[in-house]
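Lettered A, B, C and D in written order, each chain numbered from 1.
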Amino acid sequence: MTDNTTSADNTTRTDFTRDELMEVNAARALAGARTCFVGIGLPSTAANLARATVNPDLVLIYESGTIGSKPTRLPLSIGDGELAETADAVVPVPEMFNYWLQGGRIDVGFLGAAQVDRYANINTTVVNRGPDKPEGRLPGAGGAPEIASNCGKVLMVLRHSTRNFVPELDFVTTLGHGAGPGDRKKLGMPGAGPVAVITDLGVLRPDPATAELVLTELHPGVSVEQVRAATGWELRVSDGLGATEPPTPQELAALRALKNAGKSSGKSSGKDA
Amino acid sequence: MADIRSLHDAVADLVHDGDILAMEGFTHLIPYAAAHEIIRQGITDLTLARMTPDVIYDQLIGAGLVRKLIFSWGGNPGVGSLHRFRDAVENGWPRPLELDEHSHAGMANRYVAGASKLPFAVLRGYRGSDIPTRTETVSTVVCPFTGEELAAVAALNPDVTVIHAQQADRNGNVQLWGLTGVQKEAALAADRVLVTVEEIVDTLEPRPGGVVLPTWVIDAVAEVPGGAHPSYASGYSVRDNAFYQAWDPIARDREAFTRWIEENVRNEQSAKAAVR
Amino acid sequence: MADIRSLHDAVADLVHDGDILAMEGFTHLIPYAAAHEIIRQGITDLTLARMTPDVIYDQLIGAGLVRKLIFSWGGNPGVGSLHRFRDAVENGWPRPLELDEHSHAGMANRYVAGASKLPFAVLRGYRGSDIPTRTETVSTVVCPFTGEELAAVAALNPDVTVIHAQQADRNGNVQLWGLTGVQKEAALAADRVLVTVEEIVDTLEPRPGGVVLPTWVIDAVAEVPGGAHPSYASGYSVRDNAFYQAWDPIARDREAFTRWIEENVRNEQSAKAAVR
Amino acid sequence: MTDNTTSADNTTRTDFTRDELMEVNAARALAGARTCFVGIGLPSTAANLARATVNPDLVLIYESGTIGSKPTRLPLSIGDGELAETADAVVPVPEMFNYWLQGGRIDVGFLGAAQVDRYANINTTVVNRGPDKPEGRLPGAGGAPEIASNCGKVLMVLRHSTRNFVPELDFVTTLGHGAGPGDRKKLGMPGAGPVAVITDLGVLRPDPATAELVLTELHPGVSVEQVRAATGWELRVSDGLGATEPPTPQELAALRALKNAGKSSGKSSGKDA
């Protein structure tokens, strides 16, 4: 399991890692959803864990064309054979984007990100590495711009650091809340946009009045100061700041089982892809 | 009508210097063997199109054959970066790489327009994104009924499309199944089509999820068992995830990459396999 | 999620007076039983959409339930005219029938736009035809890349779509196969969806050419064996061509038609079958 | 077998009917074609006869979505089960019209018609029945406008009478050659348009200079006067007027076998549909 903190930091008092906190809480955020458009990496881990815990009937939809995939191990890529073999239906990629995603059929889009700003806008295209260096190249948009626009709502999951949570994006690949409330509506975006960003430190949600991401929940063992230090802008804290519940033994067991099953045949690295 | 040919001859006849070339396959059925044959023949100055460039295009880019890339997501799925792609974009090694960059929805619809012989396709996309500031193939149209402004993407019509499929019959009709991605669109959008197949069979038996391309939309079929490795062909092989992970350190290093291509692609034995 | 219901209850709940109603099926899998249930319930002032109105809409039109027809080819396939359709258009019997008329390519693309939740679709169509002079749902758009003027057709989003399929499972997932026409598009374009099926099975086994509609895009499934007669359900029945030919003299005559509907649709026994 | 002449007229000196002359010559017109988009009725009879005689490899494409159908009897409708069961591929109807027809994949479109004018424009929508009567309603366009626009070329087959061959169309459903040469190009139509109209009296083809249909071939036993009398405009006759070959015994046998096979399970009426 990789992490962007030191390995000494990576285990809290009890026997789970910060990544596991992130993954378990990301899965919990899918309670009640019917359909989820799943990005690979952390979102896929969360969605598969949700099927094993809070939402056994969750319909997983991958951009490779699979609807209702029921993998028994974490897929390494969005095109692993098991995703197709266990699906209720497999459709061509253009149909997936036109009829299913743009068609407004999908409740939740679950995204990772390289850079996020305070309005949950996303950059996965290029990063500025300073005046003497060429732009750093990221993978690009993939499905994200239209996932964020067309799904009923958007969840995001990524590790918390000032490298990821930046005051200004170098490039807007995917619009979250633009420059504040009303921007999505002005652009005619059907979905509600990002409603939660789940990290390895806590959960951020857009303030209903300003659409700015505020810290609403801390994971067990994490302090507000830690989160602020890992955020590139002056992070506001919700008046009603809460704490996430520690993972249950069932959640941890399910998560670890999924990952171990994955390892036997080409393990998931946990990196976004 | 498709001729059944050796991979060597099919590539030599159908893929030319300077072509716009699409090699599609969404994780599944990626035509690696054909890409390796292109490297061996040194076909160059290519404009490559592909939704997910993947390791196959990392190899072609690193080999110095690519002038421009049309794409929507360039990574090593589940592993990380495409280092040869990054090195070309960031440092111009071994040559500068021009980019025409889209979202998946936009790329898929560019192929749909191409297959439909329309000059553009319409989608509700790219809203609020900076992507349109870096490409000339995204624009807007206004709905004549509602007044809504929508994104327009230019049709993508490759000079040649190469795909891998499970089976062809002796007349050159092709069937693929499993994840079929945008292969039908990429093939029907192209001027020329080459299909490598796992197996040539007497009769194509209809399969659940099967996509059939009749022989009269294909120029050549080449029998190349395992031609999708390290990708896979459902029913014939599984994805070699270990290879994708092993690729990361190879591609990170220019010399390691060059050596790998020399030893695994350009050497005599792989060349012989293609002529078969 | 689809509820599994009686045809009577599903129609009563999902189809309302004044609805835009699409009952699709291209010769194959035409939902006749559902149309007959609509006649029995007297659901009226309907706007009917269908590429090929066929005998099913001849019956609904003759029964006086239809205000407007959206279509592209109105005949009795292989036999001749739809006499009830003609009588309504030419003589206003039993009521005037407004028309919104297209070509097949235009209608198919109207459903595609509807399923894609786009306000319109683009095609290279209607050129030199008088059709656009009689409808407000054909217009033009100009390609922002090439300047070519193309036809635009308005999206078709029915209030309710009814289709017939071979099978559903107990969760309401549906599979149809054989000629699948525009059923997927018509269903995904609609606000409400009713599917009648030949059979409810424990598990849907993937079929060649199979189209699966997951239960969460469907409102109700009703098990109606033979519900496509005189059309057919591949794997369950064959097209009753003799019925289509026998329909011609029945439909030619207002009284013969009215008697036929009374005896074959409105009578007690057919009503009972629907409640099952 | 129906015909619009009297049954006494319907048999020529040898043992074939005028309809058979029409059908056999329509089939012959498909020699050399690879793919044919087939309307039901007479075009379907012709295309299936071509497969049994001059063009065994002809790929039949029906708008119901079948590519490469090989029916053993004449289908009554474009959706008969046998068309799908014997096809190389079955595709959704939108794909048929967008990727295959508009995609320029089809060599020949074979159409019937209710009314044709001298430029091979087609009306299948409404006919004017005189001042005291409402417009007469025809079935409508079906696939014809885009078939005529997008196929490499168009063949037409219909019975010859002044009801069908009219000086002016009451409604232009489907453009043939418009008002003369150049009109198709002006409209940006990819295909060459109608190249032959095969009737039960002979064959008409557009004059290369004017695009007006002229009589180029007479069927055996038919006179120029008969054709002129059955044409609603002053029909021009080609300088090189030819004669069609009588049906061969093989052609007649194949045609009758197809029709008899059809009769056993819901015979074709020969009407356009």
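By definition in this document, contacts are C-beta pairs under 8 Å (C-beta built on N, C-alpha and C of every residue); 3 or more make two chains touch, one makes a residue touch a chain.
Molecules present, by chain and UniProt name: A, D = Acyl CoA:acetate/3-ketoacid CoA transferase, beta subunit; B, C = 3-oxoadipate:succinyl-CoA transferase, A subunit.
It should be emphasised that the depicted structure is a prediction, and the values quoted were computed from it without experimental measurement.
Engineer: For chain C and chain D, which third chains touch each of them?
Structural biologist: Intersection of chain C and chain D contact lists gives B.
Engineer: Would you mind pulling out the distance in Å between where the CA atoms of chain B average out and where those of chain C do?
Structural biologist: One centre to the other, that is 39 Å.
Engineer: Using mean C-alpha positions as chain centres, tell me how far chain A is from chain D in Å, no decimals.
Structural biologist: Chain centres of chain A and chain D, defined by C-alpha means, are spaced 59 Å apart.
Engineer: Take the average of all CA coordinates in chain A, do the same for chain B, and state the distance between these two points in whole angstrom.
Structural biologist: Here the centre of chain B sits 28 Å away from the centre of chain A.
Engineer: On chain D, where are the residues touching two or more other chains?
Structural biologist: Residues 98, 102, 190 of chain D each touch two or more of the other chains.
Engineer: Where in chain B do residues touch at least two different other chains?
Structural biologist: Expected reply: 112, 116-118, 123-124, 148, 184-185, 209.
Engineer: Using the definition of touching given at the top, classify the network of chains in this structure as line, ring, star, complete or other.
Structural biologist: Topology of touching chains reads as other, fitting no named class.
Engineer: So which chains actually touch one another? I want all the pairs, not just one.
Structural biologist: So, checking each combination of chains, I get A-B, A-C, B-C, B-D, C-D as the touching pairs.
Engineer: Mind pulling up the chain C residues that touch chain B in the complex?
Structural biologist: 116-124, 137, 139-146, 148, 150, 152, 154, 206-210
Engineer: Could you list, by residue number, the parts of chain D that touch chain C in their complex?
Structural biologist: Within the complex, chain D contacts chain C at residues 40-41, 63-66, 75-81, 83-85, 90, 92-94, 96-98, 101-102, 121, 125, 134-137, 139-146, 149-150, 171-175, 178, 183-184, 187-190, 265-269, 271, 273.
Engineer: Using the touch definition from the top, list the residues of chain B that touch chain A in their complex.
Structural biologist: Going by the criterion above, the answer is residues 26-28, 51-52, 71-82, 85-86, 89-91, 101-105, 108-109, 111-112, 123-131, 148, 178-182, 184-185, 209, 211, 232, 234, 238-242, 244-245.
Engineer: Okay, in this complex, where on chain B does chain D touch?
Structural biologist: Contact set of chain B toward chain D: 112, 115-118, 173, 184-185, 188, 212-214, 216-217.
Engineer: Enumerate the contact residues on chain A facing chain C in the complex.
Structural biologist: 34-35, 59, 67-68, 88-89, 98-99, 102-105, 190
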